[in-house]
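Sharing a structure here in structure tokens format.
Chain naming follows the written order as A, B, C, D and E, and within any one chain the residues start at number 1.
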């Protein structure tokens, strides 16, 4: 139990009347990559957003149950969501760059967390984050161009860089490669590999191949239920649940 | 020449100083699917938006060259971009549902084009469009819920349904399956197959497999240049250009 | 251009931080957050406090104007005075001036005092009569003219008490101040008390305040807001009907259609500048254009409405443009992408989303227009008007005053009784304002959404 | 148009509205519309031309100027009647709870002028309290609320108090000497008031002055007689040259600070606008403007030559050239 | 037919055109089996617009031109001899116009027809008296030439009006019919009607320009008169403002401009922070219910008549500042001061900043907030660094509006800051603003054609140019820092 980075029990999420997550329990291991898979609309993003309490911002959304990070209940009233989110970073499904320059987009996190004391340090953080996200070459000579003027895939990588720049302990990535070409995808996967050594990563993906490539454990969601969670190898070769098998085989939707 | 649905010659696009599309010439065949592939930021979306003049809305964007649909120059001052866009539908890279109900999102196009004279007809159009996009089952009992309250993948399918509902002659799809699970993807690909019988489709995709599965012809972009355009089989088996080969093999980015 | 290079990789793995114990930096940030939030609360509190303070002072000064003191007398309408020929000819009766009615009332009062056995030492009949408003004879005269057959009968009238007597029951006048006041004496106040005891003098709700026209300085107790309310209503109708569509239309053109060039920049600056033009200058414009050039009548709500429209337009345009600008382009793209024309995308999607801002502009613009006096000064609406304007639309061309004008006028008058009435008029003006904006406020709430 | 339109001075406005109200009550004519907006603007409007969309009467707290008459003539307004309706008394009053004041014009000049003669020398005004000027005056700091330069009252104040006081206390002589005998410059020097906040211009109306006196208990305000009469419970009036202002002392000319009030009628409108002639006659009738009429009761000092005015009005005598 | 009846008729025709056009489009489409280019309603709209818009334009043009034409004709009929000495020709012409209007009234009152004018059933020997009966004022008696001219004028006007009625109706019906017959399924009805609407939009925005032209024009004329009487250099550069009744006034604008700037600055110093904080609190922190009450409530502040604020400044704030700050600090003992007026005015303009900014901030997409929260930013950091910059253009607009209101305010300044024009840094001193002096000089008792009154126009014009400069500056700043989201 204590080996889990994130542990959830009996999580229920409602959007108004709609019951979006039904009694989900899961343990997410530290220094490993967990993949969430499942058909569109099954609740992956919703559950992901529970882990750093991003659902707080949706007024109609109600979360019940227990989620702990490092054994600390994150829905405890004593918990400070700001600190939580600094610790648990997030890359959103829809790229949402700030209407600022590319540089400012990435520097924003380090600035508010005071990660750099000098300008040059900040420059370093920005550059290395962009590089990790595989965007450096494309933007290095237009860092002061607006982030909103980038292409879809570039924006996505910018958001990855932005999240990475604050070095959170847990990184939640909601389909981080959806708009990326294979090479950029590979670059991001490489980043995930690298990050895994020190951090805990949860990634939502629709690509079975990607899940298989990058994750150690995989969780399968369906209609708001967590169908099954296990080692990735096991899930992809010998799932317990029929639905998992069917989904992986591409047999329902 | 006359067999082309869309024919472009010497197209140049600039965003302010940035030269985003460099002298592209391409013929898009009618009743077929053309896939645009290429690394992120190479100009696929930009070129796609030229085809129905969506770039007009970006004030910094300047388009030069010649693009014709059915032999008519679409940048001719006599051309009404509205009519053009009714004829050339578009699914954007980032899902952008209207902040209205799901029903209204889909019904909007048919309404302004007067495609239904009675309410029941409109209902039918909406239902069938949603069905084609594979969203019907998920939303059929909450058609009056806001479209913005859908999951990422659902929003994407909603936008596909919205575009399909007006039955345009040409449909431009910018990564329509990026947020979709394999089954939903299959459903959309099926739709594309179906549509191909009567319509012309251009699809931007990052998945080589998808390009291979759905398209008859493939165009490869790189750094604003059209590297090569040919039959899909040819591109994937025996490309003329080294860059295409490299890209398909996943060797650069 | 920011020019930086890639550094050597820096992998710093800090030990995991607890989320329950707040570290120093976060504590600081939270303190900043709390301060910021507190500042927000304080700001809201300040403004609400200011509002409450102002409203209480208005209400405490003005609410009393909704009640008025009356003296009920049975007046014998003496034919010998009112109809000397005795044939009830309306023309002859119309010739009888109010000066002839006054003695009737004075007599009625003396009789009433005698009947109740009221006698105040050192108070003659003439001083006693000063308890009754100068409006009373006019009231009687109107009554008789409307129905000459009542002459010769004894009719019971609720007559207004004079302003000072009324003030006595509203704590504005006291026995001590009456000593010094040359318009009232303590004896008169004692008489008033006696009459009150006898049930002749009563305080009632003052409907006339809302319906009666203005009155001259000598009879504050009779003045009302009827003409002003009508005038303001007419003007606001014109302002609303003209400024909202014009303002929104102009903003749409400028924000969505106009090419971005020097000329449109000029227009933009120009509109912002119009907002800074003092309102009296709009009055100068109105006088020159609408009255002298077009030849519209003086003192008429139509001119006032047009001038206020011009004055409100910049406010609405600025607010609308800001709101249009705030709608994300992706919404426009979505509409254009399914083949909507620009016009359709704006009217179907952008405008509804910009609605809250537009309505705010309207609310603020109308609030300003409703309270404005300076431009009306030059087009003749800051005036003493006692005749009601006709119904719309002819009434738009009749002389009228306006609520702020009434406030402005009353605050300038010598008799302190007008202070209360000015505050009462302000209450009415604010109620008018809220009523007028209610629809906008409700609509705005409905249109508000996040995306 | 069926109602009379009147514009002009806000000093005349209360009287005009009393008359208009009574006129509307006692005749079949509609109540005239009385605008305020200043004497200057009123006379300008009167002279804009003849016709429906111009006004019939301009109220004025000062006599019409030649430039107005010229302007009228240029616009086709040939005949105007001048009607003097009475006099407006100007009084000095302080808070009711304060001390009594008995002023002379010289006191006021010494208190407010920028330069005064002290010990035979022309010096910057050194006085801080009234009793420094004259020992009989109370030991109160000097603070005066005087009409702003937009008000016609200020002209009278300047002329009848400041300049008169200037002459009285010898400053005029000294100034004349300093300006090498130039009368005009000396007078101008007399009227230059100190700017250190002791003399406060009021651009608003008497209610503002009253409010200021209320907020500054040692202040002395300049009011119209009628305004004072309505507020005798709050204000204590000062005597000027030993005379207490009242309708009687002003009418007799004993109290020095007063001015005539006028209105000007466009003769061309007389038979045209219904009721105009009747209104004019009604205004100057004894029942209204006489010493026992409501106007007098309200504080207008009745014109001793009212009978003459009544005749002129009946005869519609247009005014001759300004003398 | 009177103008209003023509308007009603044209509007009715236009409504009819809408239905016919729509129906025809539908039936044509059904007949030919071809798809309509636009929605059927647009065909109706096109016909309706063709019926109404050109007809109205013609009517407006006609109403402008007709009097000029007739005036020119009448002008020829009037010999110089009847023009009174020193009078102007234009006055006689306006007499003609008035007589013509009066004749109508006379005829109407006596329920007579046209013939009466010529065959003398009505006695017009005393035209002036006759007209007076119906409430038309004339300055002089009427010479025959003028009377004849008036009759001609009347005739001309009659014919003109008749012709106009005909022309307008013919144009309206004609264009309607023409556009009706032109309906084809492939006609670009939407484009046509949208072009019409667009021109209406353009028309609306020209009103702003016309207003400016009007304002400048109505100020310039009298300003020139002013500068003829008073040297411009004194006006612009003198530091003394001291108008006098008997002439010899000093009318320097500098102290007034300074007062305007100072008071507005203090007001903005109050309103901008408080207003912005309110906007932030309401749009980001407050509950929905609090917001829906507080926002309209605060807007009431903008609707309270300024006299209330003025009295509040005069009676409460002024003495308070004097007794607690100015006197202890030795900064003077004036109860009216720049600070008093500024503070109170600041409260009044809070809603201008708060409500508009609140709307704009509310329109910033949620995804931007999410992006910031997701990085571990606190709410206040998100607001300061993401939302405010994104909403900047709207906020600047709001502030400009507030500043404008502050510059234009009079009552609060009169009661709060006093009427003395002074150039001083001390905020506890009484000062005054340009606007206050515009109002007071314009409504004062000085004669109109004196520099003391006319200076109001010059002040207005100068203020106009001055604020124009400030606005250009503001636009430049916004352009520089603007951030476009999505």
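Keep this in mind: contacts are C-beta pairs under 8 Å (C-beta built on N, C-alpha and C of every residue); 3 or more make two chains touch, one makes a residue touch a chain.
Here the structure is a predicted model, which is why all the values come from computation and not from measurement.
Listed by label, the chains touching chain B and chain D alike are C, E.
Number of steps on the shortest path from chain C to chain E, with steps defined by chain touch: 1. Relative to chain A, the chain whose mean Cα position lies farthest away is D. Averaging the CA coordinates per chain and comparing them to the mean over all protein CA atoms picks out E as nearest. Relative to chain B, the chain whose mean Cα position lies farthest away is D.
By number of C-beta pairs in contact, the leading pair of chains is C-E. Rounded to whole angstrom, the centroid-to-centroid distance between chain D and chain E, based on C-alpha atoms, equals 36 Å.
Taking each chain's centre as the average of its CA atoms, chain A and chain E sit 55 Å apart.
The distance from the centre of chain B to the centre of chain E, with each centre set as the mean of the Cα atoms, comes to 48 Å. Of all residues in chain C, those that touch two or more other chains are 29-30, 33, 329-330, 341, 353, 377-378, 411, 451.
Counting partner chains per residue, chain B shows two or more touched chains at residues 82-83, 94, 112-113.
In chain D, the residues that reach two or more other chains under the touch definition are 1, 10, 37, 41, 52. Chain contacts in this assembly follow no simple pattern; the graph is neither a line, a ring, a star nor complete.
Each chain pair that touches appears in this list: A-B, A-C, A-E, B-C, B-E, C-D, C-E, D-E.
Residues 29-30, 32-33, 36-37, 39-44, 46-48, 50-51, 53-55, 57-58, 245-247, 249-250, 252-254, 257-258, 265, 267-282, 284-285, 287-289, 310, 313-315, 317-319, 321-323, 325-330, 341, 343, 353-354, 356-357, 360-361, 363-364, 367-368, 370-371, 374, 377-378, 404, 407-408, 411, 422, 426, 429-430, 433-434, 437, 441, 445, 448, 450-451 of chain C are the ones touching chain E in the complex. If you check the complex, the residues on chain C that touch chain B are 260, 329-342, 344, 348-349, 353, 449, 451.
Considering their complex, residues 1-2, 9-11, 37-41, 43-44, 49-52, 60-62, 65, 67-68, 71, 73-78, 148-152, 154-155, 158, 188, 191, 195, 197, 200-204, 208, 211-212, 214-216, 268-269, 271-274 of chain D touch chain E. Here chain A touches chain C in the complex through residues 69-70, 72, 74, 76, 78-80, 82-84, 86-87, 101, 103, 112-114, 123-124, 126-128, 131, 136, 141-144, 167, 169, 198, going by the rule given at the top.
Taken in their complex, chain E has these residues touching chain A: 365-378, 381, 385-386, 389-390, 483-486.
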